[in-house]
Amino acid sequence: MEHEFRYNGETYEVVLERTPRIWTYAQHCAHPREDGRLRIYFENGTKAWAHVAKVGDVWWVHHCGRIYTLERLEAGASSNEQHGGLVAPMPGVVLEVLVSAGESVEAGQTLMVLEAMKMEHRIVASDNGTVTVVHFSAGDRVEQGATLLDVEDAE
Amino acid sequence: MIQRVLVANRGEIACRVLRACREAGLSSVAVYAENDRLGMFKELADDSVLLEGDTIAETYLNGAAIIEAAQQTGADAIHPGFGFLSERAEFAQAVMDAGLVWIGPSPQAIEQMGDKMSARQIMKRAGVPVIPGVEIEEEDETHAMQAIRAAAQETGYPLLLKATAGGGGKGMRVVHTQDELEQGAQAARREALAAFGDGRVYVEKLLMKSKHVEIQILADAHGRCIHLGERECSVQRRHQKVFEEAPCSSMTPSLRERMGQAAVAAAKAVDYVGAGTVEFLLADDQSFYFLEMNTRIQVEHPVTEMVTGVDLVREQLRIADGQPMAVDELNIRGHSIEVRLYAEDATNNFLPAIGPLAVFRPPVGPGIRLDTGVREGDEVTPHYDPMLAKLIVFAPTRHEALQRMRRALDEFVVLGTTTNIGFLRDLCDVPEVISGDTYTSMIDDLYPDGYKFVPKQEHLDVALLSAAVAETTGMHRLRTAAKQSSGNVASPFQSLNRRYP
Amino acid sequence: MIQRVLVANRGEIACRVLRACREAGLSSVAVYAENDRLGMFKELADDSVLLEGDTIAETYLNGAAIIEAAQQTGADAIHPGFGFLSERAEFAQAVMDAGLVWIGPSPQAIEQMGDKMSARQIMKRAGVPVIPGVEIEEEDETHAMQAIRAAAQETGYPLLLKATAGGGGKGMRVVHTQDELEQGAQAARREALAAFGDGRVYVEKLLMKSKHVEIQILADAHGRCIHLGERECSVQRRHQKVFEEAPCSSMTPSLRERMGQAAVAAAKAVDYVGAGTVEFLLADDQSFYFLEMNTRIQVEHPVTEMVTGVDLVREQLRIADGQPMAVDELNIRGHSIEVRLYAEDATNNFLPAIGPLAVFRPPVGPGIRLDTGVREGDEVTPHYDPMLAKLIVFAPTRHEALQRMRRALDEFVVLGTTTNIGFLRDLCDVPEVISGDTYTSMIDDLYPDGYKFVPKQEHLDVALLSAAVAETTGMHRLRTAAKQSSGNVASPFQSLNRRYP
Amino acid sequence: MEHEFRYNGETYEVVLERTPRIWTYAQHCAHPREDGRLRIYFENGTKAWAHVAKVGDVWWVHHCGRIYTLERLEAGASSNEQHGGLVAPMPGVVLEVLVSAGESVEAGQTLMVLEAMKMEHRIVASDNGTVTVVHFSAGDRVEQGATLLDVEDAE
């Protein structure tokens, strides 16, 4: 089986091999259990556990005290990173809008300041590009998932 | 005699208080906002009342509605927990005016300690040392900024700007050089105004590498006022405590006695009755300075309970009922550490996170205590403080407590919502934490460019393997994952270092 | 230096020891029988080895296989827990002969204390008081019965028959009158023979209304031998402890010192090294008598840990490693109670129960500790001891500890397997338990015709309502209930008062 | 809805009434939750919880610190008490057989002694009747659920 995951902006391709009950990748083996865990066998003979849960398209994996959030990419689909629209991951209020439509922006540039969960947050451009639409103004309340600005990537 | 307690709070502290009521044989009432309808704390009460409205002003800050709920349900006392209305003198007064018992100190004591300036004056009179600093009384922007510049000249850099009416790190700014003063002062004033409706700030000398050490006190209505030793809470991110312990690693019996006596003097100066905490900065040379007094139970009270054997919430109930406190001679034994589990992304400037608690599996075993208000299946929402739980360990020595905390954090599995567990685990391996040489700006010094987590390739491979196997074998069908959440994957959010109420 | 510990046990005590190893920075190995393949303890170890076979003789009692497992996996020490091989001197010797560290006292000490007769002689020599009684050395049925009749004349009634080689209530009989002697002696001999391969019994005067009080001791290889105060374990059903506490409610400092010194003398008499317990009967008049010494960690060790702050298992590891124990002055503070949660039907003479743990939801909150080896979804099988968990509470006073225990038991939900939780909860309301006037035959006196539970009509109505609603709305589809079990509904089983090994 | 349950040898008939989300019986109300619990509202206005789980035909109910095991009887089915066959609720070894086929027995009479879970247990007749078949002899190993003896009830 082949799967593609995105972790921390990088894309990883995983090709699984299997024996009847054990799966292998990168020399490590895993045996799935019915309680949401997998028994992990390292190449060097030591063992460990992984806990998994899927929320939306994301697999949350706990292993050796750490969490890995692996977004599953549909096989064959293009890298669907949605650079175009910057969305609000939580509800809040727009405090400041620092760019306007038509403006060129650089990766890392702050485009908007939001207040959410009692804190100020800034929305930053992930790539160089051009702002095409600004969907909200200062003072507007935004819902989780709302697209705040559209940015067209520079080629 | 108190018979029925209304707990005017939510989450873990409401659970903590409601359980104490149950054990004390008191019946209890919870109040809850609509979005807490499924909250665990509501289930621990004998009765519950909905506070209608969408904002905390309409719900948990709505003193009138809460007093009405108490009267409706026959409650004869109100416990405020911490946060929300716990340090609002006018609410305490209103509770008493309604003929109910207020489980806390007098409105006068709350008021005197609530204003940093008046507290400072009272402490000076009581002979408690305070940090050199200047109060900016000017409210007008231009005049205030002038006064701040003058005060900064006087105290020198680095300095700290604090909201006069503030608390919890809001309206607080560190200014390292003159260049940063203008912007920092404006931000502090803006936040203070937004948070407390009062833009006044206070300029004080920043003591470098100092420790935050606080003394727990208890005073009853029979004239007994004692201290229960100290807690060290130096490890803070954005001025919020994340790692707290008792005793303080650098404490000596004589220093404890001096700080304890200063705290008792502070409490007596305002005729304090109940549980309270006097916070100090402790400098390298063992000199200490009054910071503020919290006139309520504190988030980190469990570490004191673990090393003293005292049940602080139970004592609050007893004292409010007019009984003498049931605490014998102070007997501090062993070591306790608490970490605060936040739903937040430590790798992105501690941005609060939301999502479902698809898996919430706390560690167990001897010497481990978990104070929480959530459980698997709950949803972490943006409506309230992102603290999910307090993980507390006890062991005979500090060294063993830290070993136990490592084990506990390694076993703590939370999936579906980003938490600071990994960050807390890394803290346990920081040399300053191991040696006990912690100080208030340590996290900023450790991670000048922000905390990062770089996975080992081997572990990332295992994670990829696990996700791939889970996907292939349909393990997602085993759990009814809550509604889709973006998690913190490729989030365009970066938080700024400013906070709102 | 010990690096890797094999834990030769299962269930909750294996979990307890494996966690202590993790915290001490030691790696660990579990051994398990096939029917424990899914056991929680196995998961807490870094490595694990299957012990092949169907009987405990082939698995957990198979010393040779266990030593081989240690050698295979590179373990350099063996912790036996309690029960199984923990008090087998020849196993301790074999472990040492294999070049491994035995985490326990010397084989000589185990042997001297393991035989009740030799222990009694040693105690007499060491000046430790023993109960008046007669040893029956005769092995032949006819001669033994004659000797027993003669001994009974001497000690008078009521008297106690005990297996010479015994422990854990096996081969033990109370004889109230001469009429019962014949049958009781035969049963005791039969059980003793079946359990220990040794039918010898011991006849001793039964002290009425006495308390079972035991002293925890610790001795290291550097010559330090101390006691850690007492535990009271008077509340027993079928000679097995169910409710244990520290301190003992009738203890005084001077009596504690006398009993503590007697226990230390007992340990020193056999050059004891490690953790051990000296059990006494404590009479009304504060006279006390040596019962036996358990040369291992005990089930009820947590109550001592809670009131002394000492981690006994960690000290075992330290002492076995040749280090001095890390215990300061004895400092007893507060009160702790432990109850043993058994899968058994208290209303049917404590008949062991089996079934799935369809729901296993322990209570939480401050002052509550749960030591367990099971979790929701596990199956309770007839293969091992039916103890599911130990629920331990700590509070500043005995009164508050009992309040906390009531709250904890009320919140403890176990569905799918019958447990004694309701029985334990009723115990908390027994006047003798509330006042602390507990004694070893109390349960028999309280429930001469067996413990019964009569539900309130109102509660039974609610249960019927709940089941009917659950059936109608299909709530059984929410949980994957394990395979069908007959539970204890209309069971034709009634247990007799005899036990087999 | 009508249900029949057996608890402690007694049979109970439960007739539920309902409003859209609340069910009522014996003046108490229950509101089922998705997590295996029900919120209970007593007639006097107080509230409580019940936890339920079904294992086989038996509903296990936890309420106010106590457990109730309610065996559900199929609607319309005759009281299927199986007095005829006495089964072993756990595996063990037969120690003694105290009756033989054809013998009349009285309720409460010990018919067989078993060793299981390290203890001796006796199998007692639940009603007066006649032993028709004895399925095992002393020394035999029996499995959970095995019918030990058949007893025909006296009419």
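Per-chain numbering from 1; labels A, B, C and D assigned in written order.
Simple rule for what comes next: a contact is a pair of C-beta atoms (placed from the backbone, for glycine too) under 8 Å apart; a residue touches a chain by one contact, two chains touch by 3 or more.
None of the values given here were measured: they were computed from a predicted structure.
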{"item": "Interchain centroid distance [CA atoms averaged], subunit A/subunit B, Å", "value": "30"}
{"item": "Mean-CA-position distance for subunit C and subunit B (Å)", "value": "41"}
{"item": "Centroid distance [mean C-alpha coordinates] between subunit D and subunit B, Å", "value": "52"}
{"item": "Touching two or more other chains - residues of subunit C", "value": "none"}
{"item": "Numbers and ranges of subunit D residues touching at least 2 other chains", "value": "35"}
{"item": "Topology of the chain contact graph, where touching chains are joined (line, ring, star, complete, other)", "value": "other"}
{"item": "Complete list of chain pairs which touch one another", "value": "A-B, A-C, B-C, B-D, C-D"}
{"item": "Complex contact set, residues of subunit B against subunit C", "value": "15-16, 19, 22-25, 302, 305, 309-311, 314, 326-327, 331, 333-334, 364-367, 369-372, 394-397, 400, 403-404, 406-407"}
{"item": "Of subunit C, residues touching subunit A in the complex", "value": "43, 46-47, 377"}
{"item": "Residues of subunit B that touch subunit A when the two form their complex", "value": "351-352, 354-356, 358-359, 361, 382, 385-386, 409-411, 413-416, 418-419, 421-422, 425, 453, 455, 458-473, 475-476, 478-479, 481-482, 484-496, 498-501"}
{"item": "Subunit B-touching residues of subunit D, taken from the complex the two chains share", "value": "35, 46-47, 49"}
{"item": "Residue numbers on subunit A that touch subunit B, as the complex places them", "value": "1, 3, 5-7, 9, 12, 14, 16, 23-26, 28, 30, 32, 34-36, 38, 40, 42, 48, 50-72, 81, 86-87, 89-92, 113-124, 126, 144-145"}
